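Before anything else, here is the set of structures, which you'll find just below.
In the two complexes that follow, subunit A is the common piece, with subunit B as its partner first and subunit C second.
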Partner chain A sequence: MDSISYYLQTILNGILAGCIYALFAMGLTLIYGVLNFVNFAHGELIMWGAYFLFLFMAEPFGLPLYVAIIPALALTGCLGLAMDYSVFRPIRRANRLTLLIAAMGLSVLLRNAAQFFWGAEVRTYGFEVIAGTQFLGLYLTTTQFAIIAVTLICVVAVYLLFFKSRLGKSMRALSDNLDLARISGIDTKRSILAAWVISAVLAGIGGILLALDTNLHPEMGIANLIKAFAATLIGGVGNLWGALLGGLLIGLAENIGVLFISPGYKDGIAFVIMVLILLARPYVILGERSD
Partner chain B sequence: MDLLLHLCVIIAIYAIFALSLNVEVGYTGLFNFGHVAFFAVGAYTSALLTLSGVPFVWSLPAALTMAGLCGFLLSIPALKLQGDYFGIATLGFGEILRMIFNNEVWLTKGPMGLPGIPRPEFFGFVFDTLPRYLALSAGFALLTFAILAFVVLSPFGRALKAVRDDETAAEILGKNAYRFKIKSFVIGSVFAGLAGVLWAHYATFIGPGDFTLTETILVLLIVVMGGKGTFPGPVVGAVALIFFQESVRFLRLPPEWTRLLGPLQQMIFGLLLVVLMVFRPEGIIREKGGER
Partner chain C sequence: MKKLAVLVAVVAIFAFLAVPAVRAAEPIKIGAAFALSGSIAVYGEGFKKCIDLAVEEINAKGGIKGRKIEIVYEDNKSNPKDCVTAVRKLITVDKVPVIFGPAGSSNFMATAPVAQENKVVLLSAQGAAVGLTKAGDYIFRVFPSDTLQGPHLAKLAIGMGYKKVPVMYVNNDWGLGLKNAFVDAYKKMGGTVTDIIAYDEKKTDYRTELLRASKGNPPAIVNLTYINEGAVQFKQAFEMGIKTQWLCGSAARAPKMVELAGKAAEGVIGTYPSVPQNTKQYQAFKDAYKKKYGDDKIPIFGDYNYDMVYVTAKAIEKGGYTADGIRKALPAAAKGYKGVTGDKTFDNERSPKFAEYGIWIVKDGKIEDYKK
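Let's look at the complex of A and B:
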């Protein structure tokens, strides 16, 4: 492979990783926008999404991939709702430390529950590795093609939902000002539930795509959480399109970065970018929302 | 008997670790989710120095300085962040540090870890037996307790609480909140480093796997369960949780159970955190005059 297509391949891989980070970051930033707290258990929605699919594809269900995705995503959405109902709703008005520690505890609980049921070993969905098809000198597997297609569909769906529907309008109102939204007669409960479902389903889709492209592991959620955080920071917290852009940037930076530094530090790149952003423009995190 | 002494050593080390986190989380309201990083810096610094022949008398202050320095350098950018994002930055720092321990093989031997760390020696007196080590770690725990109690009761400690409860009000009264937070973070880091040093020389082996998020969660749970922002809280929490954790290890269970036991124990810890936050966020011991 000559060097130009090598670099192009690196950029393509960066975009692929970035698509997945963007899906994670959009869900995270959505909950931050509506409820004004960082959901540390978001990584566990990613991981459980992937494991739910594994559950339905394995015995005794043995469903094919395209069928199993539906109950898997439905269960991930329910998990998001259950998190809200059992933990976050009772402490909605508590101080931030309480919320944060509860989210942290929930993350530990869910992560180890997955390890309890499926073990700590790395798993795959059991598809054979297929050589990618060559396209303009670049290699792209079916899964990777699906990553791009699904991300595009999700982005369009999120756009339609948020900017073209009543529900989206009420969620945006909520994210601007909870109390004002409430006295304007918006059904805040329904909007919050909707936000949880969307956030969880986006996380689940991202987790499934990631697991299809690589593998399943109980730590896969928490490992990607920091990248999702970094992506939301780049885009400005609570900003959906910023999260999309931030995810792509993180994916590109990681894949281009390993050309220069040891691959052992690949997962640290997102963190370094995050620190640099914070040093350069600390105001991005102060809740400037431009959606 | 040895088991009991071993338990007490671990409790003393974790009490120091938890007391140091309490300064940050309890008294200053900083959400540090990467506290294990400073524990690890202390442990690795002292281990590497003593393994290359430096006496413990010098490696200990060096390790504490190193932990404090790391805390200082991290806090400069990170403390510009509001609550949640400070938590993320510290979480990320903990992960980065573990990456360094894993990758810089020339220094840390990577995932192989550092075996054969010598027992501490003070002017010819070696703390090599279990009772002696207990005396050492209990002594340091008492010292930590006394120093941190002094710090927290001083006007400096009251300023920390003021910054925690209402940053704007504290600023108006002329307290530079940013600086107070940095100081609190450095103090917490130094004492976490002390706990790390004691851990390294007790276990005599350390590796990157010892310093994961799991340790941070455990120490956070100790502080939160015991009662954050109180003196005895972290100690009570350490006694209760370490007793639970270490005694489970000594149950004679069939080997196929032990594979499940680790995750199950972590699940209990996670559940405890959630249940505490929902039903009793102030912990076992409630801070006097603290917010409910």
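Let's look at the complex of A and C:
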């Protein structure tokens, strides 16, 4: 592999990792934007999304991938709603720490539940490995192409929904001020439910793409969530384009960094960036609006 | 009055005699801090099966001096923090004098000082890391150290004509120990290490690490990896068109790895502590396993776990059911003992003195012994 394509492949690898982070970060930032708390159980939506697909592709359903995706994402959306209904709605007005702890507890519960149903072992959807297609000296598989394309589609779709639709407008109003939004006659319940469904479906899509690209594992969500969280912070909490850019930035920085320093410090790169951003923009964790 | 005194005396004598009898019925408890959940629960369930098999056999033959063995399992959740919690619980709540420690060298090494401080015997049946037992004289292992595996892997690489290789390894006690043992031996044999790439466990994306290792199209890459990580890596390397001879250690040698990686794992070669399967001990174990569980797929390291139970039982019989007794009796109990995994004699570092190494290869989706 000559040296130009060596670096180009690294950049491509960074973009792939970044797209996955961005898909996770978008869902995270959406819930943060509307409900003003970090959903640490988001990683489990990612993982359950992937396992739901596994469920519908395995016996007794045995559906092909393209069909199975629909019920899998629908169930992931329902899981998001169920999370809100059972845990977060009763404590909607509790302080942020309570919400955070509740989310962490829920995360453990859902992870253990997945382990209970499917076991702790690593699984795959059972597709044959296919060598990537060579294109200008770069290798790209169908799944990887799908990762990039789906991420772009999701960003545009969520952007349109958030900024061009009535529902999006009410969600944004909600995130500015819950009480004011309610007094103005906005159906807050409906907006919150919509935010959960979108966030969960984004997580499900990301989880399925990640599992198609690698494997299924009960800890696959949590392993990537912290990076998604960093991406959210870098991009500015509640900012969709920021989530995309933050994800790509971390993905690229990590992968390019690997070429020059020991890959043992790969995670360090993401967190150094995150800490620097937090130092420069401390209001992000203080919970004030970033815009 | 006199009669009553005699009666009391007789009752007292019987009561006194009866105490050991009551005691004898009490089970001998052995702790096991195993991975029953978390990332390496894949292994934990297999170990448990083989431990249970050995315990069942010993108990069926009357246990240890009439007392039955009972294993107290504690989930270590596959991470060092919960391993320590599990071992502490076994020591303080269950008060066991001997514990079968967690798998994963880092996990085991986190718990070893706890056992040593509390003077409780801790054994490992799969820890290969070089310094695994260095915490003290209560720490033992029945699995050979990588001090022995490193040179075998180096010999394999040189023997196949690979004089220059990059080395990738999983960044933990096991990976680091084997990497050092390999690099030392490889250099002594005249080999050159072109790059050293450490990577973290449990990642989903190793593409750029692989790309860096493949720089300059090396004919072979040494990758000291695990089941899940290995599967992801071979898959991603295959997708990126990296064509090389992968040389691995023992931890990736699992049907699960091949199942996950599919044809991307084809041709991967590695070393492993081999257990001669033509011995009567091995055959008996295999038959007993099949009889109990209905299949003859012996879980990875299951045979070592099985031997660990027997060696421990022998030590308890010899030295008594106390931590000190077991610690002192273990070397003598294991000396010359021919288990399923061969001669279990300990060396000065309480690790097996003898180990045979084989070479494995993935061929047509199966793990086979490599024939040159």
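In this section, the second predicted complex is superposed on the first by the 276 of 291 C-alpha atoms of A that agree within 3 Å, B and C clash if a C-alpha of one lies under 4 Å from a C-alpha of the other, contacts with A are read in each partner's own complex, and residues count from 1 in each chain.
One rule holds for everything that comes next: contacts are C-beta pairs under 8 Å (C-beta built on N, C-alpha and C of every residue); 3 or more make two chains touch, one makes a residue touch a chain.
Note that the structure is predicted; figures quoted are calculated from it, not measured.
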Exercise for the section: Judging by the criteria at the top, classify the pair subunit B and subunit C on subunit A as clash or fit. Expected result: clash
Exercise for the section: Give one of first, second, both or neither to describe whether A:M274 is in contact with subunit B, with subunit C, with both, or with none. Expected result: first
Exercise for the section: State whether A:N255 touches subunit B only (first), subunit C only (second), both chains, or neither. Expected result: second
Exercise for the section: Figure out whether A:G264 sits in contact with subunit B (first) or subunit C (second), or with both, or with neither. Expected result: both
Practice task
Could you look at A:H217 and tell me whether it touches subunit B, subunit C, both or neither (first, second, both, neither)?
Solution key: second
Practice task
Kindly classify A:G14 by the partners it touches after superposition: subunit B alone (first), subunit C alone (second), both, or neither?
Solution key: second
Exercise for the section: Mind working out whether A:Y139 is in touch with subunit B, subunit C, both or neither, as first, second, both or neither? Expected result: second
Exercise for the section: Quick one: classify A:I91 as touching subunit B (first), subunit C (second), both or neither. Expected result: first
Practice task
Using the superposition on chain A described above, determine whether A:N112 touches subunit B (first), subunit C (second), both, or neither.
Solution key: both
Practice task
Going by the overlay, flag which of 116-124, 134-142, 170-178 or 188-196 in subunit B ends up clashing with subunit C.
Solution key: 116-124
Fill in the blank from the handout: subunit A positions within both the subunit B interface and the subunit C interface are 112, 115, 119-120, 262, 264, 267
Exercise for the section: Under the touch definition given earlier, write down the residues of subunit A that touch subunit C in their complex. Expected result: 1, 6, 9-10, 13-14, 16-17, 20, 112, 115, 119-122, 124, 128-132, 134, 139, 141, 144, 210, 213-215, 217, 219-220, 223-224, 254-256, 258-259, 262-264, 266-267
Exercise for the section: Mind listing the subunit C positions that touch subunit A in their complex? Expected result: 37-39, 41-42, 78, 171, 196-200, 202-205, 207-209, 211-212, 214-215, 217, 227-228, 231-232, 235, 238-241, 256, 259-264
Problem - subunit A-touching residues of subunit B, taken from the complex the two chains share - result: 25, 29, 31, 33, 77-78, 80-85, 87-89, 91-93, 95-96, 99, 102-103, 213, 217, 220-221, 224, 259-260, 262-264, 266-267, 269-274, 276-278, 281, 291
Problem - Touch list for subunit A against partner subunit B, complex - result: 37-38, 40, 87, 90-91, 94-102, 104-113, 115-116, 119-120, 222, 226, 229-230, 233, 237, 262, 264-265, 267-268, 270-272, 274-275, 278-279, 282, 285-286
